[in-house]
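Some notes on the structure that comes next.
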């Protein structure tokens, strides 16, 4: 067995020495004020090993990482019907997402870009009794941790600045690909993005995807095939315009968030979560990407 | 002098005999329920002649025809500054307007497409004290007729179905090309579109454009250069994707609305307004287009 | 009657004083080496007046001005069938013409953009016995002047650098909108663009468009309706991305070429041609645009 | 150890029973005339096992499968410099590739779409002494088999119908992303696509990618990192608009060709090649996709 602890310590040490830390997201004050020196990493393996270094136990805004959990809940609720309303292919360039949506008649390319996640939110809104409460409880259950919350300030700020999301949602609505009112869907969507978790909690919550759909307490949340479907989407669509680069550099399915978090996993082996708020030019955590690249290089554990 | 009366009577007789009447707009109930057999035409010349036939005195929803009057008011208020926020070029294909807006960084191609008119609404909202009241009074003044009103049912229906307009407005907002809140701008915009006027009232209201900016009561509302600017925009951008066809078939600057109205004019000569609710495939009044084509052919009065 | 001579002399004097002259096209050496101080203007009216100032009698590369004459010949040959293969609407932004062509399944937006003119060349190639010879003779006939020639150096240079045109032609071919081999069509197209004429010759050649299809020697080359169709297209599509601006500033249908020439006309009144090699940012002759704007302002002869 | 033989036999039996076989490509006669009943599959593992069933020893047109080998040769020749001229990200929708190329200034999204492969051909043309001969020898060397040839008829047919490729190449040239003449680059490109190989030969030729760059005779053709780079690109970009679907259904990096071949591999484990000429709607071999899906399901050998 590998000395994961030593490897993670080494990665942490390198990260602390890094000069270039990227740029913290600044479109809402709650993200802009996060200290760029934060760096956390947490690993959980299928065979029970667990270890965290640095700020692995500090909460941060998970942002788009929530898209994977929302998709998972939607699949649990309505199964394959999800794919009638959203595709599973990479989206290409990110700068003209509305154009793409317009050309493709309101069917988002995949559930991990904003327009796709908005459709997923619409599905959840229809099928959950108390959408916000139920979804939060779902995340808590996955992570086996009741101490996970929405950050209402963040949700409110997202709402006040999220004009592109309003544009996308209204375009979806014009193509009849939203059932619920735009405001309700986006309110729920912004709440999902505002969830705050630690690296540790994220590793725990994503454990079920490496474990054929069964969470830490061994409850089945998805079938093995459904978990595999989500992992395949993370692999091809999880990193915006950097999916190809990430597949090569890191070689793991994963998902990043603008709050600086990245979760990645090797099916049947482990989940690993990093947090460093500074982003590279493509909007993914700079040091997080480097840490994951180091991890797969040193452990030789990747899909390749 | 030509026998305009005889020519208009002839055109009216032809229109009543027409088998193909196009398709009445059906996206909101208020438009869908309009009787397709309505046909009105009204002419007013600069030298004082005036004549109407058919339903020229029946009110209908002026819809996009309002965009010209909104533009005119905006130019009266802030002059050339309008062009810092909207361009004056034709927009090409209509089916990907959001894509175009996205590529061109939130600057609409011209003030007569929806996104451009939304920016104009934002300008008016900023510079008018009581926007809805003031704008309605402006139209009444231009037409020398106090009996012009918003149709609040229409405004409400537009609001409930206007998702593409919400998408456009939010996209504009994301590019910082809207100052006021999206909802306020669109509420005002939908009210403008809901104005109801007769052919006669429209001819009267647009008279100032053929008359170097001076309305029927000889009040100056624009400079001659400003009126010319608006006429040039009507010529190149007034008919969505049929601008080229209209320039050829009719040879007049004009503007159509989805309610079936068309206003056209020859500078220094006349204004003519037609109304027939059935639309052709490109969204312009079918019989209205034909009537105007007949008019310029018979009178030989066109820009050519 | 106006003192056209005095007005043209004045315009010429102003042009010679101008500090800003724009930038001479440099993508082929033959254009790059033209002296930017050239300025010519020539007017011909329907009632027989004619006057030229400056370099109005110097030949220059007519470039895209040839597109109007090619269209005219195609209409003379096959009439309305032209419109089965090319549309008559403005093209919107010029920077993504291939994208537009791709989306619109190989039907160019109008015959005055490159892809449209390539389709027109294909039509001519099919219907002319000796395409290059016949087309040149057509232009000579229109201008009543046998001394008009292709510049073979220019045609060759265009061919060696015209990769975007090759891309467009091949795309048209892939959509089955070219009958003849790509190389043959482009060879003919580049020859057309390479024609050299003086302002005087251009005014003479375009005379038939202001004269209901009848050229200087009163030979009918088009019907009145066909001439009107071409004029309508010049009005809405003649100036790339500056059609709206030109319609306002100048108020005449016209066509510009990258060689610095502009021809404009008022139906039933006059043709006017300017030449100044420096271009503005949108690719139209800077001083030529200004000269035409002055002309319509001073003479009050425009479509408005 | 698994009973691969039994599994492949089973897959073969299922394929022979299949009613739906997809549609054979028909844009050139040489492909159109291939018998749709052909079905071959061949497996080679890193530890020396090898087995083929059906028409695994019949040659077919490898088409786009050649793009991977061309990329590999380019990386062997100039290393990371390749990425200055082509990106490594998925391309999204395939129907507007020229639009994408235009918007992204002539940098193809990845080397496995046509425009990207054309750039790679240009690189090879510059760096190989006798490009066609050298490249063929490279493929022969990789496969340890001198009996591999271009099909000159196919190359000629591709040339005569490949207008979209000519359009792409000329567009690349207009952006200065082709060094050599368009015709030379495409001639070489069409030759590459015309190579004919058997499933067995393809498995052998691609062996080096699963084996850290070392071919069957243990010659190093790429570094381990370079092989990994190519595998990552196959994973995210190998199946046009079906990359996401393939990642999920099959879970292997791979590449398909319009001739009906698919090669897929699991790093450090095996290469598998299928051939069935009928294509699904997205242009990938219908039965080949199904066979690979069965293979990874039955063997549980995938990247997940």
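Order as written gives the chain letters A, B, C and D; numbering starts at 1 within each chain.
We take it that a contact is a pair of C-beta atoms (placed from the backbone, for glycine too) under 8 Å apart; a residue touches a chain by one contact, two chains touch by 3 or more.
Fair warning: this is a prediction, and the values are worked out from it, not measured in the lab.
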Inquiry  = Validating interface symmetry: for the copies subunit B and subunit C, is the fraction of residue numbers used by both over half? Same or different.
reply    = same
Key: Most distant chain from subunit A by Cα centroid   = C
Key: Distance between the centres, which are taken as Cα means, of subunit C and subunit B, whole angstrom   = 32
Note = Chain centres from averaged Cα atoms put subunit A and subunit C apart, in whole Å, by 56
Task = Could you give the separation in Å between the centres of subunit C and subunit D, each centre being the mean of its C-alpha atoms?
result = 47
Key: Interface hub residues of subunit D, defined as touching at least two other chains   = 96, 103
Query = Touching pairs of chains, which are they?
reply = A-B, A-D, B-C, C-D
Message = Per the contact definition, I'd like the list of subunit D residues that touch subunit C in the complex.
response = 95-96, 98-99, 102-103, 163-171, 173-174, 182
Note = subunit C residues touching subunit B in their complex are 87-93, 96, 100, 103-104, 109-110, 228-229, 231-233, 235-237, 241-245, 247-248, 251, 267-268, 303-304
